[in-house]
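After this come two complexes, each holding subunit A, first together with subunit B and then together with subunit C.
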Partner chain A sequence: MFASNNKVSVRQVYRLFVFDLIGMSTLVLPSRLAFFSEGDGLWAIGLGGLLAALYLLYLGKIVVGMKTDFAAYMERALPAWLMRAFLAFLGLHAVLTAGFGAYIFSDVMKRGLVPEESFSLILFLIILVSAYAVHGGIESRSRIYEVLFWVIGIGLLVMFVIASFDLQWDYIGPFFESSPASVAKGAMLVFFCCMPIFAVIFFPAYVEAGKEKKMLGAVFSALVTAIAVLAVMYFILLGSFGGGALKTMRYPAVTLMSNIHLSSSFLKRFDAFMLGIWFFTLFALLNLFLFYGTELLMRAFMGKGKQADKEETDLGAGRGRIFWLGGASVLTFAAAELFYLADWSMVYLNYICYVGMPLLVLLPGVVYAAGKVKK
Partner chain B sequence: MYFSGKNGNPKVIEIAVCGYACRQQKKCMQETDRMSDAKTRISTSLQVNMDAYQKLFSDCADIKMRKMALGQGRRRECFVAYIEVSVSNMLLQTTALGRALSYLGETEDAKINEVLDKNAMGISDVTPFMYIEDAAAGMLTGDAILFVDGYDKALKIADKGYPGAMVQEPDSEKVIRGSKEGFTDSIKMNTALIRKRVRSTRFKVKEISQGLRSHTAVDLIYMEDLAQESVISEVEKRIEDYVIDGVLDSGVIEQLAERKWYSPFPQFQTTQRPDRAALAVLEGRVVVMSDNSPTALILPTDFNSFVKTSDDYYNRFEVASFARALRFIAAFFAMSMPGLYLAVTNFHTQILPTPLLLSFWEARIGVPFPAALEVILMELAFELLREAGVRLPGAMGNTIGIVGGLIIGQAAVDANLVSPIVVITVAFTALCSFSIPNEEFAFAFRLLKFYIIVVSAWLGFFGFLLGLFTVLIHLSKLKSFGIPYLMPFVGADLTGYKDQRDSIWRAPLRRMTHRPIYAREEERVKLRRKSR
Partner chain C sequence: MGVKRWLFGAVLLWSLPLLGCSAAELENRCFPMMALVDCDGEQVAFDCGFPELSQKDNTDVEESKVDAPMMTGETFREAYEKYKKELDKKADYNHLKILVFSEAFLQNREAFSQTVEYLQESGLFPRNVYVCVTDDVGALMEAEKNLPSDVGSYLETYLQNQESERGEELVNLGTVLDESENHRKTLQLPFLAVENDSVLWNGCYVLTE
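What follows is the complex of A and B.
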């Protein structure tokens, strides 16, 4: 029928990326930024945003040059075994990142909403619902966030407005006191939280032909929006708690919400409701990586021509796809459990710092260059 | 013809009835062809025909067969067969059958065959049959069959047809402003009621016979130049996908044709209002009607369509927009209010001011049930009251509402079985569900309410959010004939769709220049100012 084309609109691309980018960054970055550079965290946000914009520019050049999506381009540019190895690496990286996202997500929910429930149960439910969302494919995923965009946007705005009444202007700063290395470290963290823009190289498969540049423009707008939201959030948190207190908090935005008391109102506090913002944004991030984990692993191990993603039934995606989605979900669950039980967060962050990010920066360029040479 | 009439209605209906009869007879013939290869050719001997016909309808007390004499000399015998009640047995001059028999009674015996061949009896809707089985199928559409001795065909003569209720105001979809007409059980009448509102030659009624034994007429109604061909062919395909004994209501077609049959959300919009169906046709949608059903199916559809009412377009845009916003909020709370209450009072009491929390606590003193069970019991009790109210006759239905809502509710509170705050929550939820204009759509929210209650009672606000999110995911996956269920909130810039400004915000009528996405892309403009 005429709307079932596995394509998403430019508006959907924008909204999808806004959600992908703001979830993790607004939740975990503020305390880390305060730890590295307190008031200068704002410069770190700016610098990190600039790095992400340059990265997007670089990816954009590759997207325009490839004239197809990255996975399809790899099939043309690389030997089959190498293509499969790269796809498997990207797939596993996506699953690992989904696991980290699921761990943060479950941890926030446990601490903020259901402290008496077991972590594993919360994690299981989150991954189950996420797998259900991913099962609907890119169209379904983008529709969810297109609908939620204003709901979350207005919620976030209300939160900023309410919080701004309690700002202590003395807390903001100090500026230009941190070392450039500290600011650079903060900027790298911001850049890490912007890494979901890597997904842009797979998007040509999901937008209408000839709209690649518009799509890149939408992703750039999403990046600017996310950086602006992060900057405002950091500014408010800094003004509410001060740099010293901020660096000791695990999820300062959640703490901020629980500290706001409304007088003469039907509701005294908004924290439970405001956690809904991170509920939906972290779901977006988890869905993103689970989606690409499934897609890439399926392509890596099933090979061309055996993809089950085209196989549609009355109940949704085909059996092959459900199998890979199930596998990716189990791996995500296992990874998140490890992050929680063995506290492997630092191992993951080291991996991201020394392996993940460099590879995600270099790989597209290397593959693109290989394709050009082969041509 | 109907353009010249001062009062077009009866004539329009007459045309629809005539057209219907021909189509119905044709379809029945086709069906009869399929079911039996060997047909009995109608003989010139009346006795042979009578025997065959009587054998076919043996043990059918409702079928009347009468032998009469025709011609000036009363020497030509004839045999009239009809279903009792569907044909006037008075054979008055005012009925087609009466006029035909009267005319034939004054015709010379020798000229009767010629008169019959030329259809010169002065009545229009006469259909000849060559075979006994075809004649029987024709009679079962509700008309009379005439066999004449020495004539090798049977004639179907239209009469008043099967009995049915006349046009009344529909029980559901009440409007303050706008037409009070509702669909009836007769498909003939219903198609005519829509055609009365859309008097265009591009208005098409395609008929399918469904039901191996019921031979129910199913009409596909659409505008030839607006409806997507792919949708029309898909509807036909889905309707003909199944062989079923009988189609007794359009609900049967709806359930068989839905792809996501497990979804609580209807993927066909239903209406009992001809003006609503006419509006859908003008939007490029397809209306499916089944005989013996006063409910039309409209497709494709989306979430937004279920929240609209006919009078949204008859009222000023401020009024319509306000009412729509209310309905959207009502739909949300119809599903979520009890769950939200449980999440807040059982898990997140910190968000309530202390005086309010204390009053909630005081209200629950002495209530023997846990809050979740209390809410579930009250919701079930309310659903029971609603069901009882619907099944009971009108006046008694109202009484049960008063008895249940006021007397039992008050007694339950006084007896400390439930807390007043739960009664308020349940009543508010019920009000919200009543505000949703479409009953099937409202039912989805009523069912999902229990799901939200369970997850909220289990996991508090986290469960509440999980519940809402799964519903949203489900909605995002739903499609109605290729149209995403969440249109126009999603994918607006796909497929060249231009926002018609007709969702929560209903733009002033003069600004609503485009048809919704259902219409063909080249036919999206529906309103333009005449050039001066």
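What follows is the complex of A and C.
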């Protein structure tokens, strides 16, 4: 069934990135955008999408110029200690983001499906399954999401169509009443949710040689798709709940489905059914960051040019990789528990705003320039 | 590889039974179809209407019956907590169809605001339950004797049929909760009256700020 060469097709790249981008953004962003700018949240989405597109363009130039993936380029371009430091930072950032994704995932499942269950148990099982999926390698994951793409897409479309019948046009707007600073804050949040496109600089290792430009085109298409889905979702949420109510909701997209009153007893818990959309999209996001957390930490601590069980790179198997996967999973679990118990969400968002995002924007350019200078 | 799959399967199997530990079994649950909120002076009163389970649905009809009196409290939350203690089963509100406020309760703006705030924070009732008003909650509960099913289920079907005939839109709890934040629309809630042993949609109650 698989080519077993640890390579994915351009179509699979597109579908993987769509899943990675729409999970968190459609779930968490709408209430924050309504908080900052209500009706003008639509402009914030457009502006955030534009920023993400420019960021992707910048990363694309680097990918084409590197002629290899970012980790391999760092090995050539930087002294060993600096490469390890950068890899360790990126690995820990990936694990922290995986932890945030796992926290949101477990929280949504607990609130929407199994409110009486223990958060820790839900989190443990989710991370366990995610680790198993990551262990299977990128090829198996992308094949699964390739198959699921239309299942999820049709589910979202059904949700939009049903919700559109209950739109309250009085609730749409107001427009052009928010300050530019509020719209800019919303745009930065949209940009934050698009940060998974950073992974594109590692993707040349997983696509066939010579297909880097097509891969970048696929990621750009995924970004456009995700922004379009987010804009439509926000418009529908605004029209269904109104800006005032929307900003008080934790997961308004999930609440949207519980608002629907279908006559007869058919599909009484339609909202539970539609939770499947976010199950798979958040699962994809968690897998992405758990995967990179494992790979980058392994490279950082195992040294320049070394990989555990190098002969096993094709399927991601190998004792060394399992050890690092286990370690990254434990760190992810710990991070998610901290988000839940100590309410570290604001700490994480501040880290992203003042440290994470600036470094993820500057780092590829700095490393690329260092490599050019070294030549 | 075989050992790993076995290990993974064993861990999953070990974990699965733990998922059922804290859930209430079906026979320990009751399913209110209608919730009533009234005001008696300064006290808020809360009660629920439950379906009668036929012999074919439940082998022990006596055990399935739910009998809890209307409870009062300073606030809706207090009345609800007292009512919860009176019930000998865990109430599952996922199937709730109708939420009825008495006219007296709606005129007590403070009590109504506190109730809306509590329902927003707790998510106690589903957002898609229909919200109605009546002037006599006791008469509404009594009318059940003459109805083919429990009041909640009957009213849901009746209101949906009337909605299309009258061309008026039913209001659900989600809309009431959202409007408490948006302040953009004037809601018109169906007014229920009991006449000649039947329940009728008799005009609308305008919910003002």
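Simple rule for what comes next: the second predicted complex is superposed on the first by the 358 of 375 C-alpha atoms of A that agree within 3 Å, B and C clash if a C-alpha of one lies under 4 Å from a C-alpha of the other, contacts with A are read in each partner's own complex, and residues count from 1 in each chain.
By definition in this document, a contact is a pair of C-beta atoms (placed from the backbone, for glycine too) under 8 Å apart; a residue touches a chain by one contact, two chains touch by 3 or more.
As the structure is a computational prediction, the values presented were derived from the model and not from experiment.
Participant: Quick check for you: in the superposed arrangement, does A:136 touch first (subunit B), second (subunit C), both or neither?
Facilitator: In the superposed model, A:136 contacts subunit B only, not subunit C.
Participant: Report for A:113: first if it touches subunit B alone, second if subunit C alone, otherwise both or neither.
Facilitator: In the superposition, A:113 contacts subunit B only.
Participant: Return first, second, both or neither, reflecting whether A:292 touches subunit B, subunit C, both chains, or no partner chain.
Facilitator: neither
Participant: Counting only touches as set out at the top, which of subunit B and subunit C does A:333 meet: first, second, both, neither?
Facilitator: neither
Participant: Name the chain, either subunit B or subunit C, that contacts more residues of subunit A.
Facilitator: B
Participant: Tell me which partner A:255 touches in the superposition: subunit B (first), subunit C (second), both or neither.
Facilitator: Only subunit C is touched by A:255; subunit B is not.
Participant: Examine A:147 and indicate which partner it touches, taking first as subunit B and second as subunit C; both and neither are also allowed.
Facilitator: After superposing on A, A:147 lies in contact with subunit B but is clear of subunit C.
Participant: Could you say whether A:168 touches subunit B, subunit C, both of them, or neither, answering first, second, both or neither?
Facilitator: Second partner only, subunit C.
Participant: For A:12, is the partner it touches subunit B (first), subunit C (second), both, or none of the two (neither)?
Facilitator: It touches subunit B, and subunit C stays clear.
Participant: In the overlaid three-chain picture, which partner chain does A:276 touch, first (subunit B) or second (subunit C), both, or neither?
Facilitator: Once the two structures are laid over each other on A, A:276 reaches subunit B alone.
Participant: Residue by residue on subunit A, keep only those touching subunit B in one complex and subunit C in the other, then list them.
Facilitator: Looking at subunit A, the two contact sets intersect at 114, 117, 125, 132, 258, 268-269.
Participant: What part of subunit A is in contact with subunit B in the complex they form?
Facilitator: These residues of subunit A touch subunit B: 1-5, 7-12, 109, 113-114, 117, 122, 125-126, 129, 132-133, 136, 139-144, 146-148, 208, 258, 265-273, 275-276, 279-280, 283, 314, 316.
Participant: List the residues on subunit A that touch subunit C in their complex, please.
Facilitator: 114, 116-118, 121, 124-125, 128, 132, 168, 170-171, 241-245, 247-248, 255, 258-261, 263, 268-269, 317
Participant: Looking at the complex, which residues from subunit C come into contact with subunit A?
Facilitator: Touching subunit A: residues 1, 8, 11-12, 15, 18-19, 22-24, 94-95, 120, 126-128, 130, 160, 172, 174, 177-185 of subunit C.
Participant: Under the touch definition given earlier, write down the residues of subunit B that touch subunit A in their complex.
Facilitator: 228, 230-231, 234, 259-261, 343-344, 347-348, 350-354, 356, 459-462, 465-466, 469-470, 472-473, 476-477, 479, 481-484, 486-487, 489-495, 517
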